[in-house]
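Data first, discussion second: the structure below is written as structure tokens.
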Amino acid sequence: MKIKLNDDQVEIARQAQRFIENECPMEYVREMFEDPRGFTDDSWQKMVEMGWTAMLLPEAYGGLDMDLMDLCVIFEAMGSSVTPGPLFSTVLLAAETVKVAGDETQKGRYLTGIAEGKLRGTLALSEPDGGADLGYVRMEARAEGDRFFLNGTKLFVPDAHTADFLIVAARSGEGDDTGGGISLFILDSGLEGISTSLLPTMDSTRKLCAVELKDVSVRQEDMLGKQGQGWDYLQRSLRRAQVGLCAESVGGAERCMKIATEYAKERVQFDQPIGAFQAVKHRCSQMFLEVESARSLLYWAAWTQDHGDSKDATLSSSAAKVYCAENFKNVACAAIQVLAGTGFTWEHDLHFFLKRAKANEVMMGDAVYHREEIARIMEEEE
Amino acid sequence: MDFRFTEEQEAFRQEFTSWLEQTLHEVREGDTPRSFESMVEWGEAARDFQKRLFEAGYAARHYPEEYGGQGRPTEEELIVSETMAAMCPEYRHPLVVTLGLVSPTILTCGTEEQKKKYLPKILDGTHVWCQGFSEPNAGSDIVNVSTRAVKKGDHFVLNGQKVWTSFAQMADYAVMVVRTNPDVPKHKGLSYLLMDMKAPGVEVRPIIQITGDQEFNEIFMDDVKVPIDMLVGEEGQGWMIAITTLMFERAMGDAMIANTQLKGIENMFAVAREVKRSGRPVIEDPRFRQELAQAWIETMVLKCHGYRNISQLLEGGVPGPEGSIGKLLWSETGQRTNEAVMHLQGPLSQVMKGSPWSVDEGRWQHSFLRSKGYTIEAGTSEIQRNIIGERVLGLPKDASRAQRA
Amino acid sequence: MKIKLNDDQVEIARQAQRFIENECPMEYVREMFEDPRGFTDDSWQKMVEMGWTAMLLPEAYGGLDMDLMDLCVIFEAMGSSVTPGPLFSTVLLAAETVKVAGDETQKGRYLTGIAEGKLRGTLALSEPDGGADLGYVRMEARAEGDRFFLNGTKLFVPDAHTADFLIVAARSGEGDDTGGGISLFILDSGLEGISTSLLPTMDSTRKLCAVELKDVSVRQEDMLGKQGQGWDYLQRSLRRAQVGLCAESVGGAERCMKIATEYAKERVQFDQPIGAFQAVKHRCSQMFLEVESARSLLYWAAWTQDHGDSKDATLSSSAAKVYCAENFKNVACAAIQVLAGTGFTWEHDLHFFLKRAKANEVMMGDAVYHREEIARIMEEEE
Amino acid sequence: MDFRFTEEQEAFRQEFTSWLEQTLHEVREGDTPRSFESMVEWGEAARDFQKRLFEAGYAARHYPEEYGGQGRPTEEELIVSETMAAMCPEYRHPLVVTLGLVSPTILTCGTEEQKKKYLPKILDGTHVWCQGFSEPNAGSDIVNVSTRAVKKGDHFVLNGQKVWTSFAQMADYAVMVVRTNPDVPKHKGLSYLLMDMKAPGVEVRPIIQITGDQEFNEIFMDDVKVPIDMLVGEEGQGWMIAITTLMFERAMGDAMIANTQLKGIENMFAVAREVKRSGRPVIEDPRFRQELAQAWIETMVLKCHGYRNISQLLEGGVPGPEGSIGKLLWSETGQRTNEAVMHLQGPLSQVMKGSPWSVDEGRWQHSFLRSKGYTIEAGTSEIQRNIIGERVLGLPKDASRAQRA
């Protein structure tokens, strides 16, 4: 038993932290918050050079064959600065899904492209009437000859507007149960019939899009994995993406805690640093508790994805998703309260964290969804 | 015990409601609250609306006629306020300080001359006022005010900085708590002044808040001359005036917020009908039904408690620090309700206004962010809990504050 | 608008408080907690002499025709001392149901008996599989000739072991929807086939019983109200009982707040009364907030039962039931935390309040039940 | 990162689990934890069980053999503890102080003679110890201890009173923090003594707690003689010994509680299958499913955090005040879970053991009440939050406590 970062991970974390400080300072975040594209090529290229797009990929495709935990320390660092850009969508949504579902040709093309930083992808899953239910897929993939025709709307697709390819979940069969009938298609984002529009979201540091598909014609060989097995593949990649999001939440929460604690030491009212008052002190203590306990759960969830069984992998990713996102939100709100007026200004950075925290709460399934997942599995168990 | 208004009062409510419906029909499109492009535009709209209220005889029903009021029972003012709070809070909000804090202070503590000069222009919508209390080093520790006012001849000369001043950028005048005597214990050296915002040396800088709006401002004063006849009360009474005259209006304000929030709950049910989860309207989901009901319950608590406070004051009861409950209730309930509405919306909660996918025109997204200020503005929750603990329950001050007092 | 107790009510409250202090001190409560019967005849007789059993009854039956609010101030006083005894079951469950559903003969017999203090009654409603769902009635009332035969088990029947009569809700018709098919029967508690046993409950200051009915034979004239209309009647009396329970909760919560506040002024640690520390001070402030805001809602709910329409009466009683019970529980727990070790002892009185608070949470429908009621009504409205 | 034990350790776990299953089969009826009629009976059962553990070689695997241990890696002790925590917490609970606090203190700070004399009798179940720290005026303010120990010849003479001492009524010995020097600052005048509970002048009075049990006691000391060789460390080191040697065991204790609570969650699901609402098992109700899942999540947090702490310590890391998180986590999670299980049961939650209507033999009713002590015992939540705020985050002490230090 050894539950802490190993030396390599500590080093990765240090490098990531330094990278973020140098390349993605808060001024950059503020700029990208307003910028419709949401990241600069320069910043993306540097992340690629750091090897971040290749970490989880197999060596055969130019990857580094590392563990999810290794990548998580990077997402922690990015979370600590609400770093913008399509890393999450590319390496956790797109690459992981191709990894689990793609054939050799697809892997060769897409994974190699991602590892080299030449391709960016994303996953188009959620639909307007599904809410936070990840398994709600109604988009139709109508078979005609050796082609499928996709029709429908996908929402909350991260970074679709700058992605080179999209993985789209649609129903190629009968019925609408969650488990069966969903197939995945991997398409060029420039295909005819696809129109992508940026959603004006609260957390504009991570861009989300609406993607409409009108009679988009897809070849048989652009199906990703076996027909009707899409949900199985997705479950595996979504779990990993959820854990990545948790790492981001822990990093963000920790930053909020530090901001609040520093402020509490310096801000004087009633001739005392406000941190001497228990109302403030205990609020800061609670933040510390929420950050560190979330981190403990994150470690388990990240480790379990690579080394645990599929039941534990699902339970842990769902648990971490609920807990880390909620703690991030709580800590961000608490920090604003500690900073009071100052924390409520646009000028101060805290609001970017609050907005990211709110986004993380509902991205990749909200707490209600994941708790129901846990109840379902625990119920079966006994 | 009686939760009803009298028949006469109910008749007045009907009359006013009809007038309001028609007027709103004239000034805004549709039934939903208007939003404004800029704070200045918002301020102008509020002034214009106040003018209409005044001309129709609905401004300050309970004020003496000589100051522009109608000399009617306070209940009628309450009816006007609560109806507006439910139907068009956006036309009252920029005037909350003016009508809720400034005019009652002038009415209660001002000289006859001050009342005649300022009140009518407030009631008819000519003038908007703001309030300069907080300073960078006087936030929760409000008696730490350091803006200096030095008497020179027939003027005070003001130097200093105020912060968190709502709607200062549209204000014609301000009420200011300033230090006129630095040699006596902190709260005893404060005085209460009226200040012309157009006076030379006054500079206003808006603060952008996390919603992107600019509700609050900094005010910088550099050798600003304030005539001595703009002093309210005596020198050194500033603190007493600031805290003691406002209880009634604060209680009324709290109750009004309940009405606005109750309207919000109606809206929350509408959102729950519209938004779907797993293909079904959220309102059919037993888990979210619990949240809907809980939000309604807490908001009714707000309303009942607010009315109970007002009713006590209407009977001439002395308003006490118990009023801090009202502040805590509306701020924390408001935050919880906003969180709950965001939950209902699932991932749609991320979409702000300006998209075909926006729920309810993005109102809740804005409101969610705005709500994070509730527990900070007008005295943080921590300060309210100190007030209840110390002034209502009689618990001792903590050592550092006890030493100072 | 006048939202405060009137002079009469203030006087009633004063008398009730004095009565409780003299006749029901905590030593009596402790004794009755252990005592299977749960009250003394002497104490009951004195309550009768105070007129408490007659307050809500019509003058025609020896009653005083007073408002529910008048009685609520008495329940507040009783709550402040977790006063034991069958007043609640007799005047709020039994009498109110007879009042709304009974015919002249029944009213003459039962209401007069109650007003005079000669009869005690209760309501047997809940069933084992229903949980906190008040509308779940499955007990069978089989019609045979001019008689009904009742079979089944009722649970959580307050004071059934000392009641002279029981009102039993059973299904005399087809179907099992909540609204229809339920009939009420009023029976002598000594009838053959009825066996009553005391439940060992956490809050032993209010006795709850299991009542089994085996082929209990009831005459047609012992039906209370019209056949199949039972739920309509019950709704009206249950609402009033719920409000009574709220008054009790507010009284109990206030007492806990006072105990904690006094302790916080006296107990010194770190050379300070602990009430000087914000962690304790703010906890006490929160108690005050919860007590007074619950009282405000209680006033509305109590007043509305006599003067509002049925929609408001239901909404307000459900809202108050949720809020007052939860606040009572919160305040009792918070008070224990303030008193720390001392609050955790049997010797100190606080635990009786915690136990009553827990009982009040689930009695007459729990929060989940009442929130669903509210959602149902609010949903219809629009 | 690795959440697994080694294969060898897992093999040991299997071996121990088999032994435990069989032994439990011998000592109790059925699979559920035994309950006991009296504290004394409970204590005897725990002693007997400890004897069995000792004889089978499972007591203090990580202690040197010369003191009765097995000289094995700490992981094996961890495995013993966590298996017992899940399968039979009732046999460990009365010995938590003895094994978790007393024996590590003696091992770390005791003289060779003390170790040889006391440790073997602890490990083989002969002696139960209790701990006298708190006093009526030294609760949260624990350095305020006023029990006096005056040296006279080869004895200390003790006078004073301890309170909240768990299991004192069954204890053979006690560890005591006493004041040996009243003339130096508060914590510097304290010493750490071992005391024979059968010595003349020692009187134990049980305190009945809100469950009706008598877990805690008062200890009165009237001229109790304690030989000088029962002093641990030096005079004046009492406070340091009390707080610094216990971190590892506290971290381990916290992790063990996670296992007991996880077992509780299994049980909670079983309750949800059994108990019905509106005629259907509660486990089918989407609203309660959320509560079930949330309880499980929070308990897993406890477990993961506990393991993370232990793992750090196993590697020789220095235990820090971060451990206060463990205390807050288990106490607050434990309270919430108990509340949630009560909710599931609806009105059945009122029924204590001893009725055909009791759910799960009334275990949760007892446990709910007991849980109200969690945030009080072993340092209140308020104290834990002070520790984190001040010692981990470096926030300043409040004025009153800062002055004193």
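Letters A, B, C and D name the chains as they come in the text, with residue numbers starting at 1 for each one.
One rule holds for everything that comes next: a residue touches a chain if its C-beta (ideal position, glycine included) is under 8 Å from a C-beta of that chain, and two chains touch if they have at least 3 such contacts.
The structure presented is a predicted model; accordingly, all values stated were derived computationally and were not measured.
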From the listed A-B, B-C or A-D, the one duplicating C-D with over half its contact pairs the same is A-B
Relative to subunit A, the most remote chain by C-alpha centroid is chain C
Taking each chain's mean CA coordinate, subunit B and subunit D are separated, in whole Å, by 52
Separation of the C-alpha centres, subunit A versus subunit D, in whole Å, is 40
Note: subunit B residues in touch with at least two other chains are 286-287, 290, 382, 385, 398-400
Flagged in subunit C as touching 2+ other chains are 272, 276-280, 282, 368
Subunit A contacts subunit B in the complex at 126, 128-133, 136, 138, 155-156, 199-203, 208, 210, 268-272, 274, 276-277, 279-280, 333, 336-337, 340-341, 343-347, 350-351, 354-355, 358-359, 362-363, 366, 368
The subunit C residues in contact with subunit A across the complex are 277-279, 282
So, in the complex, the side of subunit D touching subunit A is made of residues 1-5, 75, 266, 269-270, 273, 283, 286, 289-290, 292-294, 296-298, 300-301, 304-305, 307-308, 310-312, 314-315, 322, 325, 328-329, 382, 384-386, 388-390, 392-399, 402
Within the complex, subunit B is touched by subunit D residues 285-287, 290, 398-400, 403
Within their complex, subunit A touches subunit D through residues 1-6, 9, 67, 69, 261, 264-265, 272-273, 275-278, 280-282, 284-286, 288-289, 292-294, 296-297, 299-300, 302-304, 307-308, 315-316, 319, 322-323, 368, 370-375, 378-379, 382
